[in-house]
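Two complexes come next, and they have one chain in common, subunit A, joined by subunit B in the first and subunit C in the second.
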Partner chain A sequence: MKQLSGAVHDLASELVSALRGGDHSVAGTTGSLGGDEALTVAAVRTLGADVLLPSTLLSRPAPEPDVAVCRAAVHAYPPGPQSSPTVAWSHWAMERALARVTAPPHAPSPADALGIAATTGPPDAAGTTDAGPDVTALREASWQALTHQLSVLAALAVPGADSAVATEAARRPVDVSRGFVRAVRRRDWLQAAGAGRWLAVVDGVPPTLGLDAGLRFTLRMGGADARVALHVHAALLMRANDTRPAAARRGGGA
Partner chain B sequence: MFSAEPTQDLKTLDFDVEEALNPTEAEGTFRDSRECASLLLLTGALLLSPPTPRPKKS
Partner chain C sequence: MTEPSDIAVMHEVGDRAIAWLHRNQDGFRPRQDDSTSDFEVKDRLKPIGELALIGKVLFREGVAGSRQAALTRQLLDTAWRDHLDGGKVLTWMQQQEPLSPIPFEIYVPFHELGYEEPAFEATLRSVHTLESWSAMETPPVRRLGISAFERRFGLPRSITTEAATAATWLGRRPEPWTVEMNVGYAVTHTVFHLTDWGENPGGLPDDLAEYLAQWLPAWVDDWLDIGHWDLLGELLVVDACLPEPALDPVAWRAFAEARTEDGAMPAQRGPLPEGRREDVFDALYHPTLVAAFASVLATSRAMGDLRAPAGSGAA
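Coming up: the complex of A and B.
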């Protein structure tokens, strides 16, 4: 586990560098891991769709090695019947991200590219339908549990996200805001960063929250963890590129 | 470059990946400023208080 954590940390650092305008390559990370391809694939599966985040947020083509390793990770770690919803959602998000970055320009939406219909098809072995895994547990979760689950699934928080998880987050912006404050007070920086990233993409965040200041504080206090830095930089980038009216996004505060 | 076929190495990391993707909530520490301030005041008051009067030796 320690070995995987280190690999995830290295990969997340590469992604932070890419989000800040640097270069990024999963293949380069493999080199730093002593050429251990299995470990790289596992780290990519752990970070999920975020491996393709620079392409998604910066609108640039994904390097072919990155796409290849994402495909390998999706294939190597499919969700099983006993897998938790977070594992199933993470896998679903990776497939969607792959479809998005490999679609030709002016192609249909990822849903169309994957052949996903508006209606749900029959569930697979993991209970996943074409529209995504079951979201009932998330819908019925308390605000604390909701924030925890959302922060684990922060890779799904991207502009224009059209998943059922994003719908749940958009339905409860005040609950996620409360969860963000709770996470900061508990000094759970990873959860705070994940929740803050969701708040960057949903509407109706209370302006009194002071999201920008909260994100900067989280980065200052927990930025040594590359996954925290990744979520915060993603959130700040999405807020900077946000073209929605100020009244819709709010949450900036002081 | 990257093999899409599950190898033995990938299988051994299976449990770790599953655990990383479904973590339990980390233990957090609340730091209540008001509680801390009261404790500090109480400790200060105890340290600065005069010694308890003792009976004089007759």
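Coming up: the complex of A and C.
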């Protein structure tokens, strides 16, 4: 396990570097992890769709080695009938991200690229359809549990996210903001970073939250964990790239 | 809508707390015997001031019930006649420290309840005209409190409510994730002063009420988790002062379960204070007063909501 957490840390650090405009070679982010392919695939499955985040956020083509290892991770760790909704959603997000980065330009339905049915098809082993796994538990969760679950699924917080998870996050911006406060107070930096990343993509965040300052504070206090740094840099990048009118952007605060 | 069983939980917290305070009222006596130093006497006036401010609210709120109201009235009577010697103890401190706001802050709620000490008032009105009174260096929330007591007593204001509020932590509505314990107490006391200790919830400006409605649930969750019942109790008072109080049943049930067997509220989770009777009193009186305060306000709000016709919103 220690080996895996080390590989996850290294991979997340590479992704942070790529998001910050560092060298992103054709060998891809995953190319630098060394020769243990099984470990690399496991690390990729842990970070999920975020392995393709530089391509998603910076509108760059995804390096083929990254795409290949993501495909390998999707096939190596399919969710089963007993999988939690979190695992099922993480898997769904990887498939979505792969479809997005491998779609030909202006393709009407990127979902076809992976052979995923564009409309609601028959559920697979995890009860998943293209609309995504079940969100009933998330919909009924207290604000504390909602924030915790969303932070685990922060890889789904990307611009224009149209998942049912994103819909739940968008429906409860004040609840997720409270969860961010709670996470920072508890010094749970990973949860704070994940919640903050969701708040970067939803409307209706109370301005008094001070989201930008909160993201920077989280990075300063918890950024030694590369997964924290990854979520915070993703959030900051999405807020910087947000081209909506200022009035629609909330939560800036001081 | 708060369920009747939840209201019963809230109500019982206050009922038991007031009974404990009444049984232990001798602990409020500032001079226990001849060995009590003058410094200690002055220091022990603070609990009497808190008793007066909160006791006045307990007495005023009709929901307390006749037994609670009678016990509270006896507590306040004893405090004024016996512990403060009909106000002479306040005059004594005023002679020693004319510019201290402490005797004034204690006098105001007693005066509102109908108690009087003309000599104290005459000196107060004289000292209050000094430039030094307004210039006294105090933390912003204390300055807001002095301004509120001036308003309540009908003295010219040394600072407006708006200016005093703007200088407080809450007045600036800072990042809610930075709240630590001392900030928490500054927030609760800012609300207490702005609402005349819960008597006038409309005194809370709309922007602060909105800010608190957004972030108070996160703070309640936090201090509930920490098990700091004293600050949690004050946060539950703040909740009851909001236009639409949450009256969170989870928080209230945990708060109620934190009581000691004899009805006192410990300051925080962990071993109960023990030792000398006076020391136990000193450790318990404040959270117990706060528990009574929160209970009476929350019960009143919940009952008001029950009585309000459907669709009319919070009373």
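The working rule: the second predicted complex is superposed on the first by the 231 of 254 C-alpha atoms of A that agree within 3 Å, B and C clash if a C-alpha of one lies under 4 Å from a C-alpha of the other, contacts with A are read in each partner's own complex, and residues count from 1 in each chain.
The working rule: contacts are C-beta pairs under 8 Å (C-beta built on N, C-alpha and C of every residue); 3 or more make two chains touch, one makes a residue touch a chain.
These numbers were taken from a predicted model, which means no experiment stands behind them.
By the touch criterion stated above, A:V181 is placed in contact with subunit C alone, subunit B being left untouched.
Once the two complexes are laid over each other on the shared chain, residue contacts for A:S84 go to subunit B alone; subunit C is not touched.
In the superposition on chain A, contact is made by A:W143 with subunit C only, not with subunit B. When both complexes are overlaid on chain A, the residue A:A76 reaches subunit B alone and has no touch with subunit C. When both complexes are overlaid on chain A, the residue A:L209 reaches subunit C alone and has no touch with subunit B. In the superposition on chain A, A:Q191 contacts subunit B only, with no contact to subunit C. If you count the residues of subunit A touched by subunit B and by subunit C, you find the higher number for B. Once the two complexes are overlaid on the shared chain, A:L58 sits clear of subunit B and of subunit C alike. Residues 144, 185-186 of subunit A contact both subunit B in one complex and subunit C in the other.
Against subunit A, the residues of subunit C that register as touching in their complex are 173-177, 179, 211, 214-215, 217-219, 221-222, 225. Those residues of subunit A lying in contact with subunit C across their complex are 143-144, 174, 177-182, 184-186, 206, 208-210, 213-214, 217, 253-254. Those residues of subunit A lying in contact with subunit B across their complex are 1, 4-5, 8, 27, 36-42, 45-46, 48, 65, 68-69, 71-72, 75-77, 83-84, 86-87, 90, 144, 148, 152, 183, 185-188, 190-191.
Across the complex, subunit A is touched by residues 1-7, 9-10, 12-14, 16-23, 25-26, 28-31 of subunit B.
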